[in-house]
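Two complexes, one shared chain (chain A), two partners (chain B, chain C).
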Partner chain A sequence: MDIRSHVSMVFHLDKCIGCHTCSIACKNIWTDRKGTEYMWWNNVETKPGTGYPTLWEDQEKYKGGWEKKNGDLKLKLHSRLKGLGNIFYNPFLPTLDDYYEPWTYDYENLFNAPEGDDQPTARAISMVTGKPMDNIEAGPNWDDDLGGSPIYARNDVNLDGLTDDEREQLNELERVVFFYLPRICNHCLNPGCVAACPAGAIYKRGEDGIVLIAQDKCRAWRMCISGCPYKKTYYNWASGKSEKCILCYPRLESGQPPACFHSCVGRIRYLGVLLYDADQIEKCASVPDEELVAAQRNMIQDPFDPEVIKSAKANGISDATIASAQNSPVYKFVKKWGLALPLHPDFRTLPMLYYVPPMLPVLAKTKDGNYDVSDAESENLPALLSSLERARMPIKYMASMFSAGNVKVVEDVYRKLIAVRIFKRAQTVKDYQQAEVDAALEAGNTTADEVESIFRLTALPTYEERFVVPPLAREVAVEAWEKPLDRKREAGFGVRNKIAKRKF
Partner chain B sequence: MFDNALFIGFPYAAVVIAIVVSIYRFWFDPYSYSSQSSQFLENRVLFFGSVPWHYGVIIILLGHITALLFPRLWGLFTANQTRLYVLEIIGLSLALMATVGLVLLFYRRMANARAQSVTSELDWVLLIVLLLQVGLGFWVAFYYRWGSDWYLHTAVPWLISLLKFQPNIASVTALPFWVKFHFINGFTIILLLPFTRLVHLLVYPISYLWREHQVVIWNKSRHY
Partner chain C sequence: MTKGERPSTIWFVPLLVFALVTTVTGVTFAQPLGQASDGEALFKEKCVACHTIGGGKLVGPDLAGVTDNRSNEWLTQWLLAPDQVLASGDPIATELFNTYNKVPMPNLGLTPDQVNTLLSYLGSGATIGGSVLPTGNAVTGKAFFVGDKRFENGGPQCMSCHSIAGIGSLGGGNLGPDLTANGFTKYGDGLAAFLSSPPTVTMNAVWKNTPLTPQEQADLFAFMKNASVSGREPGALLQIALLAIVGAAALIALAQVYWGKRLKGVRRPMIERTLAASTKK
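On to the complex of A and B.
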């Protein structure tokens, strides 16, 4: 057992309102420089949709992540030799056109235009070339709220597993459905970007698991951009360096949550420590598709287990960090309750950002100005609230995103989420019979106590409950290169000349 | 006197400056060590330019170095006429490949607005010098014939004498102008190397072949 700690995340998709406040907070702090205008370290996508950059989930196109080949785990992008051979031209690199050409407007013209018959306009100016852009053909969130869905939503790769009937239903006006997917770097345990970088410039911080690109070592070989299946490393075309989400580590080190977490209006984001067994990484990334989620949960260790605590301490994890892991909302959502799932575990990078899949509103029609749920009642299903049988978004779609196609895993999550709703509804509105509540609890494999805790952390969490930032102890970082006690007694009142280093 | 400056002074100066500045830049400005790839901005022409250029020029450069390091073996190899023919044909095609690739890259920098926006003045200087070099090399090998053989008896003794710090320029001074131009232009590239994006060839990531896939850096040693 090799216990390490990891600052991990949960995004609760039912709470996301798609306001993009997170994206703006991030952009204002980190990516408003030249060459980074098109970068969205944090972005919010509409699902179904092709995302940003377009079709990032299609690994036949970009070759991100890992694949199993003859039983071995291999980078999908290249072997080591092929990587060096492709260095002069990376055949799987997304280009600026797969994102969008960033632009601004010639606002000065509004003031300086000579007097004339026409209203002066502010033309769009490319922030790459500085030349006017006549046609703006793409932008961030070009397909927001299903905009242009015949082109975007219909080409979502997660729809591949659906039958034609199911696909058609999604396009019916009455059933139209979407949800939001906010994305940042997943700070994976088996990152594809790190493995793909020829220069070895990308690394994972041992203490907290944050994945960073050493700017001084990056040589613009640009393999990380293809290697990351989530397309969360970006190429700064102006500086010739790749950049990515740094999980606001300067904020974390001073005890604050990252800016996107802090600014989240829907309070969908949770941050906390997970303790995991690093010995299991390779095994966990190699199991068959349907076992991936289970294996990843299995790798996460119980922070209350004395064995785990012992091993953690042996690895130099501080008591404060262990306490933080015991208090972690992420641990509860991911392991204890099993509600949060990794995004695309099929990429085999072991992402450490987990999502609680969205319930989506119940499907109903209006009749005489009232919601008509007689359909549900006739099928003997609980009315008003979502039920799995009447899920608006085919469960297979969710499974394609969150469980590598294993429908059972997603169903279990939904049954529990439904149990929480029915339980709380019975408590507050009192229109459910106790028998129905009990049946829901049993189907969700949960208890009244657990439901209360889930409800509490979902609906009413305080700032301190959402963000349990461990002390990263960067204030003692100097110990990495200097033993503090070595310099004791070397200076003080009356000491004018340098005194020799203490020998004892 | 002029020949001495050209064939002794300049090469030494170029190499010394290249080494000193490269090391200085590596230690004190590592951030600037980048290939400054523009593939992200322009993808199509780059493929037809970059791939033939790099593979062509690297193999030819390796040929030059092999002859310099193993002159006897090289001489024995080129002594057979069939082998000489084959070598010359391969060399010429590679030179042609590299030249065509570079011309495309040159065109791309001129014609594509996005690529233009990341092209500095030094980039243009470098492009011109490189284009001149492969062009000259191709022309010299084609026009004067059997370059792979007489290179061995003209430039190689001179270069070896430079390496041994016993400069002897007798074997190169009498050569035609275009050949000498090729030599001097070659050292100009070495001189430009540390000041341009050409430094990327010094940091070709060969260690990728054996490094661990995952890189984890600890703030301090873990077991204490």
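On to the complex of A and C.
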């Protein structure tokens, strides 16, 4: 057992309202610079949809993540030799058009336009060429709220597993549905970007697992961009370095949650420490698809177990961090309750950002002014929130996103979420019989107490309950290699020591 | 040691005795080790490469009667630091430099004692002729130069420090000068004598204990005499340039074939595909 700590995250998709406040908070702090115009370290996608960059989930195009070849775990991108052959011509990069051409508006014109018959307009100006854009074709969230759109939504890779009938049904007017998927870097345990980097510039911080790109080591090979299956590393054309979400580590080090977490309007984001067994990483990333979620849960260890605590201490994890892990909302969602699932575990990078899948509205009709859900009733559970079998979004779609196709895993999560709703509804609206509540609890494999805790952490969590930031003690750790007061003067993103020009 | 206690000075005494003994013996036997003290040996070690006494000119002048022609003062200064004397614009030195193919006399790093020994030897009327070498073989000489054949006394192959025309395009080391221009061209026939006992400081240190045999000297001399910059036809340059251009173009075309699709993008083809499929319906 080799216990390490990881600052991990849960996004509760049921609570996401798609307002993009997180994206803006991140943009304003980190990517408001030359060369980063097109980057969104945090972005919110509408699902079904092809996301940003277009079709990022399609690894036949981008070759991100890992695959099992003859029983071995291999980078999907290339072998070492092939990587060397392609080093100047990495063929699996998204083009700028696959992200989008970033633009701003000519606001000046609103004030300075000469008098005329028409109102002046602010034309779109490309931030790449500086010239007016007549036709804006794509954006980082182009298909916003268009769940049934004929091009982007229909090409969603996760729909591939559905039958033609199921796909057709998704486009029926009454069934059209979408949900939001906010994405940041997953800070994976088995990161594809780190493995793909020929310069060895990407590393995972030991104390908290944050994956970072050393700006003075990056040599702009851009293999990380292909290697990351989530397309969460970006190339800065101005500095000639790649950049990615840094989980706002300067904020974490001063005890604050990252900006996107802090600013989240729907309070969907939770942050806390997970203790995991590093010995299991390779084994866990190599199991068959349907076991991936279980293996990843299994790797996360109980922070109350004396054996785990002993091993953690042997690895230099402080008491304060262990206490933080015991308090972690992420541990509860992921391991204790088993509600949060990794996004695309089939990429085998072991992402440490988990999602509670959304409860989508059931199919219902308005009949004589009443909201009629009688169609939704299934055999063994009451109507309204119960009809998993008749959910608008097929479970297979969710399974494709969150459990590498294992429908059972997603169903278990939904049964428990349904149990919570029925239990609370019986308490407050009182239109369910006790027998029905008990049946829901049993189907959800949960208890009244657990349901109550899930409800509290989902609906009524305080700031301190959502964000349990461990004391990273960076101010002490840094003394080991440099004088803290020297470091204090430096601030901001970029290269701390000026890099000498390359000599050829 | 506790505070207030004075350190004992006894340990200092043996050290003092040792220092005294070593200084006294050092001064008494201050004979530089490994350097010839006897005039003839010194001349053979340092001078015969370029000079004879009564044997005619080599690289430098015949030194017979030199002590009569030049003042003792000038000779002392010259032997101590010929480079400085020449640099100072001394008329005799400049004339010699011009007469002898602009090969400057190297600073041999002699001590004042050695200079005196040499001067008294030169004034003694002894004669030393130039060495006569056996016939050399240029092919063997090349083998010695590049190290295919080892020197009998274990000296290093020339190529480790020097380059010369005719040993392949990579050349040799560049710690020492390129011998195409600095070998035979510079020393002429004196090169053979140079090889027998190289007088320059670096070479002397390397070869003093591992001298070349006369046959080795002769072979090397034969090789270096022939070695010169190999000629290249003027047309060849154009040929090489053309080859480079055609080769680069071919490589670029090949890369385009292999990697040409890499910037086709994903979004546009997806839209085109989808639109094409929907119009077909």
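Throughout what follows, the second predicted complex is superposed on the first by the 458 of 504 C-alpha atoms of A that agree within 3 Å, B and C clash if a C-alpha of one lies under 4 Å from a C-alpha of the other, contacts with A are read in each partner's own complex, and residues count from 1 in each chain.
To be clear about the criterion, a residue touches a chain if its C-beta (ideal position, glycine included) is under 8 Å from a C-beta of that chain, and two chains touch if they have at least 3 such contacts.
In this text, all values refer to a predicted model and were calculated from it rather than measured experimentally.
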Review point. Quick one: chain B and chain C on chain A, clash or fit?
Key: clash
Exercise for review: Tell me which partner A:G83 touches in the superposition: chain B (first), chain C (second), both or neither.
Suggested key: first
Review point. Touching A:P306 in the superposition: chain B (first), chain C (second), both, neither?
Key: neither
Practice item. In the overlay, work out which of chain B or chain C sits against more residues of chain A. Key: B
Check your understanding: Between chain B (first) and chain C (second), which, if any, makes contact with A:G71: first, second, both or neither?
Key -> neither
Exercise for review: Have a look at where A:P53 lands relative to chain B and chain C in the superposition and call it first, second, both or neither.
Suggested key: second
Check your understanding: Regarding the shared-chain residue A:G316, is it in contact with chain B (first), chain C (second), both, or neither?
Key -> first
Check your understanding: Between chain B (first) and chain C (second), which, if any, makes contact with A:V194: first, second, both or neither?
Key -> first
Practice item. Considering only the touch criterion stated at the top, classify A:V128 as touching first (chain B), second (chain C), both, or neither. Key: first
Point to revise | Touched partner set for A:Y235, first chain B, second chain C, both or neither | key: first
Review point. Is A:P114 contacted by the first partner chain B, the second partner chain C, both or neither?
Key: neither
Practice item. Could you name the one stretch of chain B listed in 7-15, 79-87 or 97-105 that collides with chain C in the superposition? Key: 97-105
Review point. What residues on chain A does chain C touch that chain B touches too?
Key: 89-90, 93, 95
Check your understanding: How about chain A: which of its residues touch chain C in the complex?
Key -> 50, 53-55, 58, 61, 86, 89-95, 97-98, 138, 150-151, 154-155
**Study point:** Touch list for chain B against partner chain A, complex
**Key:** 30-31, 33-43, 46-47, 50-51, 53-55, 113-114, 116-118, 197, 200, 203-209, 211, 213-220, 222-224
Practice item. Sort out for me which residues of chain C touch chain A in the complex. Key: 255, 258-259, 261-268, 270-271, 274-275, 278
Review point. Can you list the residues on chain A that touch chain B in the complex?
Key: 75, 80-81, 83-84, 87-90, 93, 95-96, 128-131, 190-191, 194-195, 198-200, 202-207, 215-222, 225, 235, 237-241, 314-316, 474, 477, 479-480
